[in-house]
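Both complexes below contain chain A, partnered by chain B and then by chain C.
Entry: the complex of A and B
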């Protein structure tokens, strides 16, 4: 197991470096921060001083070396806006995103298991039709549109929910979660449905029935456990999508998470913060993938053998 | 069918299972097919009845209908299955579940797919005890270890925590059998239990089944297409063709003096009876499509004895002598053929 972990961490390192490098270069395409932070009538001398102070005058390669040597020492630089350490800002925003993604994913998984199993038990029944409709909707409606329509209906027209922010307690969570939920739920329901249909027609389900197992036991123990690995794979992908998709939803709902921090940093050309936020997101995604593999091994002994070997 | 099964109760001495007039329809997009058509037979306790036939003849469908394990697309449309005085087919699902294991159980063909891949075999072996006797996990595990030892699995105490994929094919089949006999059922259906195994392992498994049959006084229904297995293991045989029983009787009598042309064709096709160098005998043609079984006898297109009456009238399974029956208009003539 430890060998497996070490191997996975090592194999994640290379893409991680590529991601950091990519962000480092792309951020610089947004333009010179000096023209944003200094008044329009700033002299060339002032601009040069600003660039020198923040190291933007050095050649790109030198900047890169500086940056990476900082990263190795876990020093991600300071924010141009606030002068605060970039890593502190990223870590402060992180829990808000994580909470939103976790609550959404837990809801999506639980609902998908219930609706998907129900649909699998009665193909072409009510649950099946509802879930198909939901999945089609989820696949075709972009989340920003959903968010805006949600705000229009529930916040502006009905006045039931806040338009944005986190000040209204539990109510603040409703719209962001609903917006984020629909896609993972739609996709996951279809995956659970398909996996359950094939599991329920498998010989081991017949064997369980032949032993006198009731429907609950057949579904919850024999079928669902076998249907979980494909659902887990897709759930993992969707969770990655949630962390990424946080950018849009957090921006619309003014949610103080890492996605909003990224957008703000891009707009402000706050390179150090952007890089720290992206790195943190990337590490999260790699960690998530390793967790999925471990989950596989826990669910299925046949995978465990390969993992431990 | 009326001739060989008159009593409905299964109360008569030694009768383990009494199947009468069982018919199963299969609903498909192409229409409805009668996969099992008025099948009747009795299985006696302590004996093995072989259901013999080629693939698609309805033998497995019959077994699954008896065990209540039909796919949703298949439906029992007629008949009774009496076990211990009750008609299984008219029981509620809940009552039927109560009998699944203690009264009737089934051994499947492919043990690798029948065992649940994600659970330890111990958990699966313990399930009958957990479900029907409400034993604790620990007690059920003890029982499971005993059971493994009893079906000849070495080192059961350590291998109880193994997963199905860690066992060989023969051992997996032993595990399935162990599960099936866990609660000493009165009737055991073995659905091609050795088809997926090597010949040597096959013999061991069949010997194990025979031993357990004696111990538990079970009525065993052995579903197979293998004439050799029937000859060695079964007391009685029911030959099925196109969803019907076409001949029934004690194995030696049926094999020595087959009275239905289909049974004769099957036996003639066994290479043991052929001379080296001579062409192997086979039955010409193929079984009829279940969607278009001809009126009259289903075997008419392949039968050497076919006459006009065979095309017009479907022969009923008629008693020929004590314990023997055949569904052929020319069962008497066939004897001499």
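Entry: the complex of A and C
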């Protein structure tokens, strides 16, 4: 297992460096952000001082060396916008995103297992058709529209929930999670349904039933376990999207997460914060991918044998 | 590897997982969603304000930035004097008197008994340090320097504890007006770095800033002036205008700024003239825009009445110049150019016959989300110009990219282009507009002439009625001889106001929202 983990770490390190390097270079392509941060009638001397103070006057290679040596020392530089440490800003925002993503994914997986299995037990039945319709709709509705409609119904019309913000305790979570949940739930339900239909018609399930196993045991111990790997693959992809920052939800609901921070940093050409935020999310995605691989090994004996070989 | 996930091993696992999820929500709720009070403003003596964006810092010398100034100015820090946005006159604040004691020298008599929020006394030394920091310090590069002061440094002197003299290189009749933009901070404030949470003399001080979530100010008990109506002020921020409006309708906020006409605030949305004017600024260096017939054709093609009525929902008025009524120098004899597409076509045809390359593509550059309906506005203009026979391509850019075309130095080889600008004259004097946009060496100028430069210089040295007349002539000259701008509208803003607050927006509200003017209702 350790060899497997070592290999995964090494193979993931390359894309990690490529991502960080890519963001560094693409940010520099947008030019010197002096216009955004200096007075309207800034003199050339002021522009030169600004560039010198922030290292933009150096050749690109020298800037890159400075950046990577800073990363090694965990010094990501200072925000042009707020004057704070870039890593402080990124680390302050990320827990909000991670909490939202974790709760959303756990709920999505649980609900998808229940609804998908229920639909698979009666293919083409009423439950299956209703769940398929809801899943397809959920997977197709844009986040933005859903968020605004959610505010209109639950906050303005029914008065049950706050429109946005994080001030109302657990109630603050409902609309952001509902908005985020709907798409992964729709996709995952369809995946679970399909995998469960295949699993339920497999010989080992028939054998289990013929041996007198009760239906709950057949579903949970035999069918669902074998239907899990494809669901895990899709859930992993969806989770990666969420931990990367739910920009729309964070923006509309005033959720102080990393997605909003990244967008603001792009718009304000706040390179240090952007780089710190991207590196943080890239490392998380890298860790998440390893967890998913371990999950495969736990679920699938064939993978487990390869891993432990 | 023989272990299996809990969910697949035990019959009770779904329930256990559900509990785990609930626990996770609860735990998360304790960290991000602080379960602080959702009490009404009346119970807590708190006014709740929702802004479009979080202030990057509360640095006083950056208070000409809207997102900073709307929180800082006259709330946390104060200037020596302030401009009344209604009358246009200057009123005493931390200075009680000011006079031009010599042609190049202004003397300010400072208020006694004023304390900073850290308990220290306000003296002339603090005023000297504040001016020095904001105007003379090129390392800090404060925006106030670019907005109201030129490159020449000020010579500052604390004559005694309550007397400040400010000497300028040239006689400057507008110095007191410029001084109204310099927020006063203690002399100990860093001159090397910008500050995030400043100390000032204002009626409120920073109580807590949960970065990304909320900024809370509380009344400063040692304030020298009248006590404000609310004990606390809470600022939050939401990007979406419709969400800000919903917070007002739902009673989650008392004041919401920068709303659009269709954001849904209903009768809680109050329209007010906001000092801003929208216009197309034409770069006259390249064909076909270097031909005045083409520029006149563009001007005639814009249906201002239609834009204001249909796109802006009658918020605003068709504009005839780059400033609005109430600003010194406004020429009320100028009328918005009438919409005349027929004449526009004729002019383009005439220019074409004279060899002007009218089919050369013109870039129409605008800033995404700069004001409500900006995308529709540029599309309408493009369509009208196409009808007139011009080839116009829209480019919607983010702020950073658009600023490259709005502020010098402009990109080389950019081709013929126009920029949709929105200009707000916060100072109330035309000099702050024409120096930037009309003088050929202005930081945001893309057209003009030597004759116009001379007119501006002469107008800038005058006072009172003569100044008004001279600047009015400047605006007339630009419209008739240069035609470097196509004015669209003197804009209006919409402020959301809840039922529990008594507050009336004025022309300065967008840039400087004074909490002391807000009172609990009833």
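Definition applied: the second predicted complex is superposed on the first by the 303 of 309 C-alpha atoms of A that agree within 3 Å, B and C clash if a C-alpha of one lies under 4 Å from a C-alpha of the other, contacts with A are read in each partner's own complex, and residues count from 1 in each chain.
Assume a contact is a pair of C-beta atoms (placed from the backbone, for glycine too) under 8 Å apart; a residue touches a chain by one contact, two chains touch by 3 or more.
Keep in mind that what you see is a predicted model, and the values were worked out from it rather than measured.
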Superposition on chain A - do chain B and chain C clash or fit: fit
First, second, both or neither for A:163, with chain B first and chain C second: second
Partner chain(s) touched by A:151 [first = chain B, second = chain C, both, neither]: second
Residue contacts on chain A - larger count, chain B or chain C: C
Chain B versus chain C as contact partner of A:126, first or second or both or neither: neither
Which superposed partner A:214 touches (first chain B, second chain C, both, neither): first
First (chain B), second (chain C), both or neither touched by A:225: both
Contacts of A:204 with chain B and chain C, given as first, second, both or neither: first
Which of chain B and chain C A:299 touches, first, second, both or neither: both
Touching partner for A:5 - first (chain B), second (chain C), both, neither: neither
Minimum distance between Cα atoms of chain B and chain C in the superposition (Å): 9
Shared contact residues on chain A - chain B and chain C: 221, 225, 299
Interfacial residue positions of chain A with respect to chain B in the complex: 201-204, 206-214, 217, 221-222, 225-226, 299-302
Contacting residues of chain C [partner chain A, same complex]: 1, 3-5, 8, 11, 14, 17-18, 20-21, 24-26, 28-29, 31-38, 56-57, 138-139, 141-147, 150-151, 193-194, 196, 211-214, 236-240, 242-243, 246-247, 249-250, 252, 398-401, 403-404, 407, 436, 442-444
Chain A - residues contacting chain C, complex: 1, 30-31, 33, 35-43, 45-46, 49-50, 53, 81-84, 89, 92-93, 95-96, 99-100, 102-103, 106-107, 110, 113-114, 148, 151-152, 155-156, 159, 162-170, 172-173, 216, 220-221, 224-225, 228, 251-256, 260-261, 267-269, 295, 297-299, 304, 307-308
Residues of chain B touching chain A in the complex: 67-69, 71, 94, 97-102, 105-106, 108, 110, 113-120, 127-128, 131-132, 163, 165, 176, 179-180
